Structure formats: C-alpha cells, structure tokens
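Have a look at these structures, which come just after this line.
You will see subunit A twice below: alongside subunit B first, and alongside subunit C after that.
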Partner chain A sequence: MIMLAILIAWIFRIAAESAEISAPAIASAALLAAILFSAILVCEKNFASEHENDCLAALILASADTGDIYLAKLTVNVTMLCIFELIAVPAVLVLFKINAGLSWPRLIIAILLINIGFSSIATLLACAVQGTKTANSLLGVLVMAVLSPMMIPAVSALLSLFSQPDTAFDFNRGLGLLLAFDAIFVTVCWLLFDFVAAGQEN
Partner chain B sequence: MTEKPQKNPGQTPALNVAGVCKSFANRAVLDNVSFQLFSGQALCIFGANAAGKTTLIRIIAGLMPPDDGTIEICGLNLCSQNPQAKKMLGFISHKTMTYPHLTVEENLRFFARLYGLNKSNTRVEELLDKTGLILYCYDLASALSRGMTQRLTIARAMLHRPAILLADEPFTALDAPACENLLALLQQFRNEGGAVVITTNNVSPSLRCCEKLAVLNNRKLFSDIKADQINLEKFC
Partner chain C sequence: MRTTLAILSLLLILLAASLALTTAAITPAARNIVYVHVPTAFCSLISFCVLFFCSIRYLRTKQQKWDHTAAAAAQAGLLFATIMNLTGMFFARLEWGIWWTPSPRLISSAVLWFLYVAYFLLRSAFESRRRKETLSAVFGIIAFIDVPLVLISARLVPDIHRPSFSFDTPAQLLALASAALGSVLLMTLLIWYSKLSKERLCPHTHPR
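Presenting the complex of A and B:
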C-alpha cells in the first residue's frame, strides 16, 4: 500500500514537471488517488475470512444488530487508512514541496473525512462482491463509480489547503460537502448492510 | 401435507414454524411449511439433495427471510424481536463457521465476547472440557481434523446456552467415532432441556438421536413420519 502510494505520487510528480499544472493541484490529485487505491486494497479482503467458512453467518447470529458488523469493519478500515497515511501524506508533501504555512489540523480533519467516506462505500461493496469470481476488479470499478461525486469536494478541500495562501472559503465549503457525503454514505451503507449480508447468505 | 400446529396450552413451543414459504427466482423451494418443537425434543428433517433443507434451516436461524410465514423462538417472533430471538439459537452449518487463522480457544473467546457472556472464560473452559477439545485448545482451527472441527463448531454454537440447536448436515464427512461423539453431545444438550433440529440425508445416526422425523419433499414438509417409512434408498 505504501509502495503504491509513493509510486502514484511519483508518477503525478513526473506528470507535473512536464505539464503546466500547479503543484498544489496535482499534489491533491495524487494524494486522493493514493488514498482511493489504498482504500480498495484495504477493503478487498475485508470479508474474505468470513466468506471462507461461513463466518458471516456466525457473526450475524452472535451480534445484536447486523449493522454492528458493518460499523466494526468500517472502524478497522478507517484506522488502517490513517496508519497508511502517516507515511503517504508526508511523502506527497515532500515530493511536491508543499509544507510552508500548511494547516495540519485542517489537513487531518479533511483526510479523516475522506477516509470515512471512501471506506464506508468500499466496506459495503466489499461485502457485496465477496465470493464473486471477479471480486477484486469489480470492487475497484464500483467504488470509483459510486465515489466520483465525492471527489469534487475532496479535491476542493485539499487544493485550498495546499494553495498558498490557502483559501478558507473553499476549504470550508469542501469540508461541509465532505461531511454531508460522509453522513449520507455511512447511514445508507449501515442500513443497507443487512440486505447485502442477507444477499451473501442467499 | 404439512403438520397442523398441536395445541399445548401448558407449554410455549421452543420453536414454532408456521406457513413458511420461500422461492428463488419464481422457483418455489418451500411451500407452507409448519411444525412445532418443544424443549427437550429433537426433530430430524430428511430430504434428498436440493430438497430445500438448508434453505429451511437458514430461514429458521434468521439468516434468510421467508417470503411468507412466521417463526417463533420460545414465543418471540424472529422478525420483530430479532435480537432476543437470535440469542436463543445455536447454529451448526456444514461449514465450520470458525476463523481458520485463530486457535480453538481464540475462536471460542472471540464468539463469547460477541455474545456478551459475563463469565466467558469459565464458559469457554467448560465447553473445551465437555467437547474434548482441551488438548487442542492452542491448535489453529485450520489444523483440526474434520471430527475435531465439528466439535469446535458445536462448542461455538453452544457458547451462549441456546434453547434450540439447529444443525445442518452435521454428520457429513464424519467417521463412526466422530458421529458417536456428536450424538453424545446432542443428547447431552437435549438432557439439559434444549431442542434440536437436524437436517440430513444420513438416516442411521439421525434415527438414533431424534424421536420426531419429517421428510421435506417436493416443497412440502411431511411430519410425524415413522422410522420404517423412511425410504433408505432415497436418502443414503
């Protein structure tokens, strides 16, 4: 995952050198691409051990609410992404020479919201595609398709942070939209998980 | 012809299945399946492959919604009072339902925590002892033989002291000693007041542990079958 993130950032860095795109713009795109692909990697094996021995049924029977399983998996995935970003974010910032005057608390909040949004969809879809022959590739395609509207506020928030001077208005608007997307995604996925898990049983 | 619910005003049935129907893509699998089971009783449901046995038992376990009909566990509706009703069920699938990368003890402790057991350590040790897994408690679940795996599956299903044990094809791939052990564990569970539902196409061990027999055939459940009415050639 870390190698993938560095590779993505490096490719974007090369592209930035040969194109007239500002470093903050391409840095925010590189960081988002790294987080997105890492979220897919984190989530794709999420339900593999449950699928192998019918453990999902055991979890459903043992838990008071099937949605609890989803929230537990989501928490693990967000934590895994946060750990990965401890290396990926500084790598991107160093590669694109973005450091002076950066607001770290705002960056952390934005990345945390992006993690929650990406993981919420990827966790649900990982359960849905588990057991299908093309699970891995299908997960990537579906996650990217569903998450595409969320990319706009995510890029907007990161771009406003990386730009010098940063634009608080763009950041706040992006953050508000990210919050809205997270609330919708997590609630809808939590409610849908019962049906998706039942679908796995069928 | 399905069984009509028997009136027994003095006792709430441990399991009451009433008018359950299920179909997949317009292919009916279960049609108006009804039966009752009281504490301490054991019911064996026979059926050929693809008769709908697994579908029926997974519906009873609450893992699959029925198209129609109701299921009551000790008087609690499985649909509307799901969490309380689920806690009264133990489920043994023909898959192990345990994590292969965890040891026997870790698997039991994990599920004990999920069930929110107060004295989970005591209960885990009690079950390890009862199922004869105490010598294997530090072995990975994936390293166990089929018989030992089945013991672990039973221990997991009994962790929370369920009122009903549902067993889907529990005798599959077990040798004679493992079958004997499983029968002894099921008998012990019944002696403690538990009700057992087994689905199988393995006739001989099932006849030894269940006094109630039923056959699932052509989408219908035929109850109160006598042992000599079971067509051995069809199921063996």
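Presenting the complex of A and C:
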C-alpha cells in the first residue's frame, strides 16, 4: 500500500512537471487517489481473510448486534488507513514541495474525514462482494462509482490547504460537506450491513 | 392496458416531434435536441426512484417481484441515462464547443450513468439468486442516496450549464410536456415488459 501510494504520487509528480496544472492541484489529486486505492485494498484484505476462514459466519452468530460488527470493521479500516498515511502524506508533501505555511491540524481533520467516508462505503461493499470471482476488480468499480461525489469536497478541502495562501472559505465549505457525507454514509451502511451479512449466508 | 399505454406514448411522442419540427422549432436547429434530452433526463431520475422504492420493498418483504421490478427499472434507467448523456454531449459540443466539462449537472448525469452500470456489474457477479437480489437491493439504496449528494457537492464546481434560451411560446411548452409525458409512459411500458420477461424466465417466487 505504501509503495502504491508513493508510485501514484510519483506518477502525478511527473505529470505535473510536463503540464501547466499547478502542483497543489495535482498533489491533492495524487493524495486522494492514494487514499482511495489504499482504502479499497485495506477493506478487501480485511474481509478476504474473514471469508477464507468462515469467520464472518461465526461473528454473525455471536450475540452482538450485526451493526456493531460493521462499526468494528470500520474502526479497524480507518486505523489501518491512518497508519498508512503517516508515510504517504509526508511523501506527497515532499514530492510536491508543499510545506511552507501548511496548517497541520486542519490537514489531519480533513484526512480523517476522508478516511471515514471512503472506508464506510468500502467496508460495506467489500463484505458484499466477498466470494465472487471478480471481487477485487468489482470492489474498485463499485467504490469509485459511489464515492465519486465525495471526491469534489475532498479535492476542494485539500486544494485550499495546499494552495498559498490557503483559502479558509473553500476549506470550511469542503469540510462541512465531508462531514455530511461521513454522517450519511456511516449511518446508511450501518443500517444496511445486517442485510449484507445475511446475504453472505445464502 | 399495455396496448393503450403504447398507443398513448406513441401519439404523444409523435405530437412532440411534429410540434418541434413546425411551430415549436428552436433556432438554431441543433437546439431542438432538448426535446429529447430533457424528457430522458426526467425518465432516468424517475427510474432511479422506482429502483430505490423496489429495493426497499425487496429488503422488507423478500418477494422476488420487487427485485424483478428493481432490475427492470434499472434497465430502463440505464437506457434513458445513456440517451441523456449522449444527447447532452452533442448539445455541449454544438453550444459550447466541447464534448464534456466538469459542471454540476454534467457531473451528476455522468455519476448517475456510472451507478446504473455498477448496479448491473454487481448483479452479474453472483451465482446465488438470493444473494444477488439482496445485495443488489442494498446497492440500489446506496446509489439512490448518492444522487442528491452529487447535486449538493457539485455546487463547489462552476456551472457552465446555463441554457441561453427558454421555452417561451405555448407550442414549445406543449411540445416539451408531450415529449416528457410520452417518455414517462414509454419508460413505464419498458419496465412492465422487462419485469414480465424476467418473471417468465424465473417463475418461482420465494416469499418469506
């Protein structure tokens, strides 16, 4: 995953060199692409091991609420993404020479909200596609189709942070939308996980 | 009933076409594509609402008829969304000189099409019928919730989609209204036939 993130950032960096697009714009796109692909990989791997050992069936039989299983999986996936970003974010910032005047607390909040939003959908859909022949490619397509509207506020928030001088208005608007996306996605996925988990038994 | 619907739909579409070619014609002629573009956009959104409603009904009742209707609505929706995007691209090329640009309504139309395609990709991935039906219903709900979110988030992007004309004359309004109504009836008919064909292929229902 870390290698994938560095490679994505590096390819975008080369593209930025030859294009007339600003480095902050490509840096925010590279970072989002890295987080998105990593979220897909994390969630897919997390559920693949469960499927192979039939652990999910055992978890569903436990006396805990099925929604709690989803929240636990989501927490693990968000934590894994945060660990991966400890290396990926500095790598992107170094490659694109974005460091002067960067507000770290705001960057951390934005990335955390992006992680939660991406993971909420990826966790639910990773559970849904487990056991299919084309699970890996299918998960990528489904997650990208559903998350495409979230990319707009995510890019807006990151771009306003990376631009000099940063624009607080765009950041706040982007952050507000990210928060709304997270709340809606987590609630809907939490409610629907029961059906997805039950679908695994058929 | 189906024959009546088909005749009504055909008559309304013919009326819209004849008006668009005569009294309701917009100049330059290329702009008349809106008589196809707007009704198909309307139908693709209605199909999505049907898909959402049937997905919820399926998860509540587990009756296969709801899954058949949801899949039929998605098929009709995909057809109308494809026509909407294609006519929109031609219109953009003629009006603005570009095939596509990131503008709120263009982004939301593209996402709508992606979601329809993703729905069918998901359906084709499962061998177990019950699993396919359940997970398709789950995806149908998530996809429907996604559509208003696209419209809200796309406001962060500058909008190029400003029509430089309006439907001023009564003939133009009548042409658009009959095209829209005819398309909705056609969509209903498509969903109906598609559902019937699915029921013929898979006649065994399994209520809970």
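The definition used in the following text is that the second predicted complex is superposed on the first by the 200 of 202 C-alpha atoms of A that agree within 3 Å, B and C clash if a C-alpha of one lies under 4 Å from a C-alpha of the other, contacts with A are read in each partner's own complex, and residues count from 1 in each chain.
One rule holds for everything that comes next: a contact is a pair of C-beta atoms (placed from the backbone, for glycine too) under 8 Å apart; a residue touches a chain by one contact, two chains touch by 3 or more.
Remember, it's a predicted structure, so these values are computed and weren't measured experimentally.
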{"item": "Which superposed partner A:Ser148 touches (first subunit B, second subunit C, both, neither)", "value": "second"}
{"item": "Which of subunit B and subunit C A:Ser156 touches, first, second, both or neither", "value": "second"}
{"item": "Partner chain(s) touched by A:Leu138 [first = subunit B, second = subunit C, both, neither]", "value": "second"}
{"item": "Subunit B versus subunit C as contact partner of A:Ala198, first or second or both or neither", "value": "both"}
{"item": "Per-residue touch tally on subunit A - higher for subunit B or for subunit C", "value": "C"}
{"item": "Touching partner for A:Ala58 - first (subunit B), second (subunit C), both, neither", "value": "first"}
{"item": "Partner chain in contact with A:Ile111 - subunit B first, subunit C second, else both or neither", "value": "neither"}
{"item": "Contacts of A:Val188 with subunit B and subunit C, given as first, second, both or neither", "value": "second"}
{"item": "First, second, both or neither for A:Cys43, with subunit B first and subunit C second", "value": "neither"}
{"item": "Which superposed partner A:Arg173 touches (first subunit B, second subunit C, both, neither)", "value": "second"}
{"item": "Residues on subunit A lying within both footprints (that of subunit B and that of subunit C)", "value": "198, 202"}
{"item": "Subunit A-touching residues of subunit B, taken from the complex the two chains share", "value": "24, 58, 61-65, 83, 86, 89, 91, 93, 95-101, 111, 114-115, 156, 160"}
{"item": "For the subunit C and subunit A complex, residues of the former touching the latter", "value": "59, 107, 111, 114-115, 117-118, 121-122, 125-126, 128, 130-131, 134-135, 137-139, 141-143, 145-146, 149-150, 152-154, 156-157"}
{"item": "For the subunit A and subunit C complex, residues of the former touching the latter", "value": "121, 124-125, 128-129, 132-135, 138, 141-142, 144-146, 148-150, 152-153, 156, 170, 173-174, 177, 180-181, 184, 188-189, 192, 195-196, 198-200, 202"}
{"item": "List of subunit A residues in touch with subunit B within their complex", "value": "49, 52-55, 57-65, 198, 201-202"}
